[in-house]
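When the chains are written out, they are named A, B, C and D in that same order, and each has its own residue count from 1.
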Amino acid sequence: MSAPATKPNDRLLWVSLVVLGLVGLSVGKFFRPEPIAEAYVSVTTEVRTLVEEAPTNDGSTPAASAAAAAAAAPATSLASGEAAGQPADNTKTQPAQPKRIWVDADDPAIERQLKEGTLKRVPDVAQAVWDVRTPIDNRATARAQMAALEKEAEKLSAPTDPTGLTKEQFDQREAARMAALKVVEEKRIVSSTRDSLGIWVAALLTLGILSFLVRDNPFYKVVESILIGVSAAYWMLVAFWSTLVPDLFAKLAPDLVRATMLPGLAPSKDPTQDFLLALIPLGLAIMLLWRLMPKGGWIAVWPLAVVIGTFAGMRLTATIEADFMAQIAAAIKPAAAFTAVPPDEAAIAAAQAAGTVASPGRAFDFGGTLAAILGLIGVITVLIYFFFSLEHKGVVGKTARVGVWFLMITFGAAFGLTVMGRMTLLIGRFEFLFGDWLNVAK
Amino acid sequence: MQPRKEQLPPGIRGLLVRLGRIDRRWIYLAVAVAIGVPMLAELRLPEVPEKKARATFEAIESIPEGSIVLLSFDYDPASEAELEPMANAMVHHCASRGHRIVFMALWPLGKQMADKTIDSVLKYYHPDKVEGVDYVQLGFKTGNEGVIKLLANSIDGAYTTDAAGKAISEIPLLANVRSVGDFKLVASISAGYPGAQQWVQYADSAMPEAFKLIGGTTGVQSSQLLPYFPTQMEGMLIAVKGAAEYETLVTEKYPVTESPERLGIGRERMGPQLVAHLLIIALIVLGNISMLAARGLKGGAR
Amino acid sequence: MLQRTIPMLILSASGLILILAYFSPVTVVWSDTVVAWFNILAGVAFVLGAGNLLAVNLEKISSRRPGWAYAAITLVSFGAMLVVGLGKWGAVPNPAYPDVHLAGDQDSTQSAYGWVYEYVLSPLTATMFAMLAFYVASAAFRAFRAKNIESILLLGTAFIILLAQVAAGAFLTNWIPEGEWYSFLRAERLKEIILNVFQTSGMRAILIGIALGTAATSLRLILGIDRSALSKG
Amino acid sequence: MALVFAMWIGTSVVMTDAAVAAWVTSAAAWVTSAAAVVAAPMPPAAENVLLEDVPEDAGGALFVRWTTPDPSSSAGVVIERRSTDAERAKDPNLLWIEVARLGRDAVAMQQSVHVLSELSNAEPTRVRVSIIGADGELSEFVESEPLAPSVTIFSISRLPLFFVVVVVSIAVLGWVVAARMGASTRIRRIAALEAVDEAVGRATEMGRTVLFVPGIQDMNDIQTIAGITVLGRVAKTAAEYDARLEVPTCRSIVMTAAREAVQSAHLAAGRPETYSEGNINYITDEQFGYVAYLSGQMTREKPAACFYMGAFYAESLVLAENGNSIGAIQIAGTAEPSQLPFFVAACDYTLIGEEFFAASAYLSGERDQLGSIKGQDVGKALAVGSILVGTMLLTVGALLPDSVVGSASGYIGTVIRTFFGG
């Protein structure tokens, strides 16, 4: 590949940057002698059992939903009556064979259901041991959590003091303690090579982009190429998983999709209609892709026409309602402002005489009025500036000029407001470089 | 007639003029220093909440405890640094107030953003909250404002399952939520299109009285959202400044004991901001001085 | 006919339908359907994009154009990401349906896809965005020169807002007492005034203009006055 | 008798496990209360249960309203609806279907309301409501009058919008017709548009390329469409000057449209042979991937003229600063208010908001399109007029609050504002 010939002063710049970096790093390490780019994950071990629900008399499968809820969340989701309170029409769906799902064996809700018989264990299927890994983005937090876990375990490992407790009270507490201890022991926090490596990669890529500020260079070109390739693929994947699968494939071949990709997919009320409706976008898409064919590429204009037409229609009403009309309405307000002031003695006396309560007087609010008038002038003059039929000469020209002034103030303000956001972004990246990667800052 | 500039010794003026044409890479270096040094020095400043932050806080306080609120994460990692602080504070606020939270995203990467906040705030400070009952993560849906239009008619029109692939009909929290109108409050934390503006256009204008709308925005968005506050948007948080103020309000009322820094990111980031802003102000001044000097060279300011 | 008139008719028809649908609750579901269609269309259109991406880069490589190696890098990263993403490599099984591999969740960094997202894509995009911090500075330095009234207003406002945005503004103007006629000079008050009086009105007018522009453009398209969008027609 | 009543509840409810539970508990409650009168008392039944149509919808939905006599002792509410004939045809003893079982917050206030959806519009719906007591026992059911959801064909609340849409449309159409009849279509000069030819020409002289960026949104954004139409004109000029025009796009569909536009521009310029698809490419949907490519490309290719026409976000300043650093003529046009400041500050020419939409029409030079621009002005006149009049009336109202004139004009002003949705 052709690396650009770097001019000497550039080489100087490069060297000085690298030297600066190394010096800064070593200084930072002198104060925070902790390893670079360390990442932690918390691992929770769960024992899961395969269960299937016993079919209920009307074929509704509330247990399935309840169990699914339990699999995703702790028991309380069942304890609260809401889980059971599904609208009836949702429970009318009749599955072909009883649904089989893996559930957390230690979940009391599941245990209850196993007792009740709404769920039953699938025979001769061994229990599976699961590791649920959740990355901890902040290393300080990781340490804190580690410490907390140790303290917890320590506390729980001490047996309950039996004094002043009846037998069963004591047993209850002991049981609770053992349960809690089990939970604590199931959770551990370990350092993750995968994520540590990731931090290194991310840091190098970050530096690659920043190097563009010095000049265009091979390092940047490489990073740029990676970014383009990965992001293009990423967006195609997003479209595939979050649109094509649920909104197209799921309609065209629901059973296949449910079997392969979306087991949780709810059965449609009218599969045939969904299928037919899904054919239309499919047809449009094929027309669009027809461009790849040697002949008849013009057909691709038809879907374009649909897209442009529909969204032109949508935008027309939406923008007139939410911007045109709403903004006009917001602009219509009195150009004179008053502030309420307590009624004076005379008024109060008069009111008391009449046996009523004195209404508060009001004072002319100069600032408010001025603001209102300025606001009015602003809106009008800027609108005048936008008039296309009128050449910017004479009175119109002068008014439009005032309009331009308002525009400039508007833009200046927007610019000023933006700086903070932009700086924040850089701060975020620096926090990553200095904190997550080099570990010389919090 | 000689302009006053002529009194300036030519050497200095030449310097000033050259300053005006300085290689922009020196400016870049200055920015890097202005951000990096105070950050490493951990410079902190107090924050005084302004009207918009207070309005936001009040909006969430005013709705009855246990209301269902919709938080739409309409941003991606590119704006994370700016919007994460307010997202964290808002989730902590809603959870502490006892509201039930529905998370969704109009930006594809918004889901990951929401997940991050759920892990670092909701699950961390509120371990008692149960997924499906106290909160639910609907995830991302393509379609920009189209999704909002769908939600305005019916939830299941837009989402058939939640992010975990669980059917909407099986989620207790959503059992009685028919459309976006059934939320007491909708907050869009947005970095652009689609975002708070689309929520105003397609949800709020469709049913203005149904719910309160809050817009958490980046600085650049704020200017075009300001006209919507407070009539169409009851609350508004602008960039890290707004987040820092809001953080102050939230943590005053609902303080957290361990690792409070997660609800202090905004305030933490205001220190480097100060220096950076001063730098830019200095740059503007320098630029103009050198321009005047240059005019002086060319003989008088026109 | 097929290339010119019919697309025009399709455009107008679909436009009018959508306009009417907005006024009738009965037809509101139509607009929703159409929105859903577009998303699918856009999703499938990625085939075009991918095709073009491959074509361009392969051409660069085969013809050994300068920088062809970078094209190769693009292709490799593209292909790799696509494969792991479609196959959900290392995805965390769905607790309820662990035996259905594709139902797994690949957002966490345990899956290849999630890892690439977390440690390649998001740092890259975030950094690219963060470059703006530098560009904002250089733009302010270069463009904010007081050449005429307009530019003076532009940079003056930016100047005040910049001060008011941070503690510096308060520090400089806190000596001004509250409740006096001149206390509007306090930085935070000035900022409020600029934002609520000047910027709000300016923005309002801009929005009204944009709304009209959008509406008129939509009309031009729907009525077939502006056909350049369907250039073939 | 009590037991019988309980049995009746049980059978009449659809057999969800919830209903079964309800049946068991209530049955138990009844048995005990039958045996020993001092058991958990049945909570007071709901009062004035009534159905109400959800206004301005496509039907299928009804409000259920009821009052809870004693919220403090109520844990929730069960709502059941009478099964439709079709449902009874399927299952004869399916009389009532539980449609909602709401928690405490549904009965927290005395006046409560709940929305029922997916109802039949043809057949009147009947519901009954039962309060759940603190201990989970059900009160007696209270039935509502039957009501069928009504379908709204035209939503009255959007009448003002309809009116405005019609006015704007007529204004635009009217001017188009007028233009055809020969009315003047003179439009004020827009500097940015007059600079287009100059910029392309300069690129040709310097033998450098022209870069056109159609924004980062898809074809469903009107701005992108406007950008593409401008591209058509730029491409035509480029074809005439025989300058090389590069159009990297952020969306596949935009790439397709851009190719259409450029190709037909070459045809129009009579140079179909000079058109090459290779200059119009899809890069990536990722905003910043796209920007990374553009920044690199600009510093390497050094285009002499850069056009940014479409929907732009954060990338605006990146592009403008890079373009400036390579000394290109930059012409921007966008309707993203948030990005205008950066384009205005860093570009040579900027089309501000509405100007950008006018541009495509302006550049086309067709009488029809120029006419439609004048139509926009009518809309602005409407805006200016209503704002001025409304403000004036409200001001008078505010100044003379006690006089008839004042209150009258204040009232009219408010009416105008409400018309626009304020």
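The definition used in the following text is that a contact is a pair of C-beta atoms (placed from the backbone, for glycine too) under 8 Å apart; a residue touches a chain by one contact, two chains touch by 3 or more.
What you see is a predicted model; the values in this text were computed from it and never measured.
Q: How many steps does it take, at the fewest, to get from subunit B to subunit C if each step moves to a chain that touches the one before?
A: 1
Q: Could you tell me which pair, B-D or C-D, is linked by more C-beta pairs in contact?
A: C-D
Q: So the centre of each chain is just the mean of its C-alpha atoms; given that, what is the distance between subunit A and subunit C in Å?
A: That pair's centroid distance is 16 Å.
Q: Would you mind pulling out the distance in Å between where the CA atoms of subunit B average out and where those of subunit D do?
A: Averaging C-alpha atoms per chain gives centres 22 Å apart.
Q: List the centre-to-centre spacing of subunit A and subunit B in whole Å, with centres computed as mean CA coordinates.
A: Using C-alpha averages as centres, the distance is 13 Å.
Q: Residue numbers in subunit B touching 2 or more other chains?
A: Where subunit B meets two or more other chains at a single residue, that happens at 24, 28, 31-32, 35, 78-81, 142, 164-166, 175, 205, 220, 223-224, 227, 231, 241, 273, 276-277, 280.
Q: At which residue positions does subunit C touch at least two other chains?
A: 19, 22-23, 28-29, 31, 35-36, 38-39, 41-43, 45-49, 53, 94, 96, 103, 117, 121, 123-126, 128-134, 136, 138, 140, 142, 144, 154-155, 158-159, 162, 165-166, 195-196, 199-200, 203-204, 206-210, 212, 214-215, 217-219, 221, 229-230, 232
Q: Taking each residue of subunit A in turn, which ones touch at least two of the other chains?
A: Only 68, 72, 80, 82, 85-87, 134, 209, 212-213, 221, 223-224, 227-228, 230-232, 234-235, 239, 243, 262-264, 288, 291, 301, 304, 307-308, 310-312, 315-321, 323-324, 326-328, 330-331, 376, 379-380, 383, 386, 407, 410-415, 417-420, 422-423, 425-426, 428-429 qualify.
Q: Taking the touch definition from the header, please name the shape of the chain graph: line, ring, star, complete or other.
A: Complete.
Q: Quick check: in the complex, which residue numbers of subunit C touch subunit D?
A: 19, 22-26, 28-29, 38, 41-42, 45-49, 52-53, 56, 59, 121, 124-125, 128-129, 131-132, 135-136, 138-139, 142-144, 154, 203, 206-210, 212-221, 223, 225-226, 228-232
Q: Under the stated contact criterion, what part of subunit B meets subunit A in this complex?
A: Residue list for subunit B touching subunit A: 25, 28, 31-32, 35-36, 39-40, 42, 78-82, 108, 116, 119-120, 124, 128, 130-133, 139-142, 145, 160-161, 164-173, 175, 200-202, 205, 218-220, 222-223, 227, 231-232, 238-241, 258-259, 261-262, 269, 272-273, 276-277, 280.
Q: Which of the residues in subunit B come into contact with subunit C in the complex?
A: Those in contact with subunit C are residues 24, 27-28, 30-32, 35, 45, 48, 50-51, 76-81, 109, 111-112, 115, 142-143, 146, 149-150, 153, 157, 164-166, 223-224, 226-227, 241, 270, 273-274, 276-281, 283-284, 286-288, 291.
Q: Can you list the residues on subunit B that touch subunit D in the complex?
A: Answer in residue numbers: 24, 64, 66, 78, 144, 154, 175-176, 178, 182, 192-193, 205, 220-221, 223-224, 231.
Q: Write out the stretch or stretches of subunit D touching subunit C in their complex.
A: Those in contact with subunit C are residues 56-59, 151-155, 158, 161-162, 165, 168-169, 172-173, 176, 218, 220, 222, 225-226, 228-229, 232, 251-253, 255-257, 260-261, 263-265, 278, 281-289, 291-292, 314, 317-318, 320-321, 324, 335, 337, 340, 342, 344-346, 352-354, 356-358, 360-361, 364, 368-369, 372-373, 375-376, 379-380, 383.
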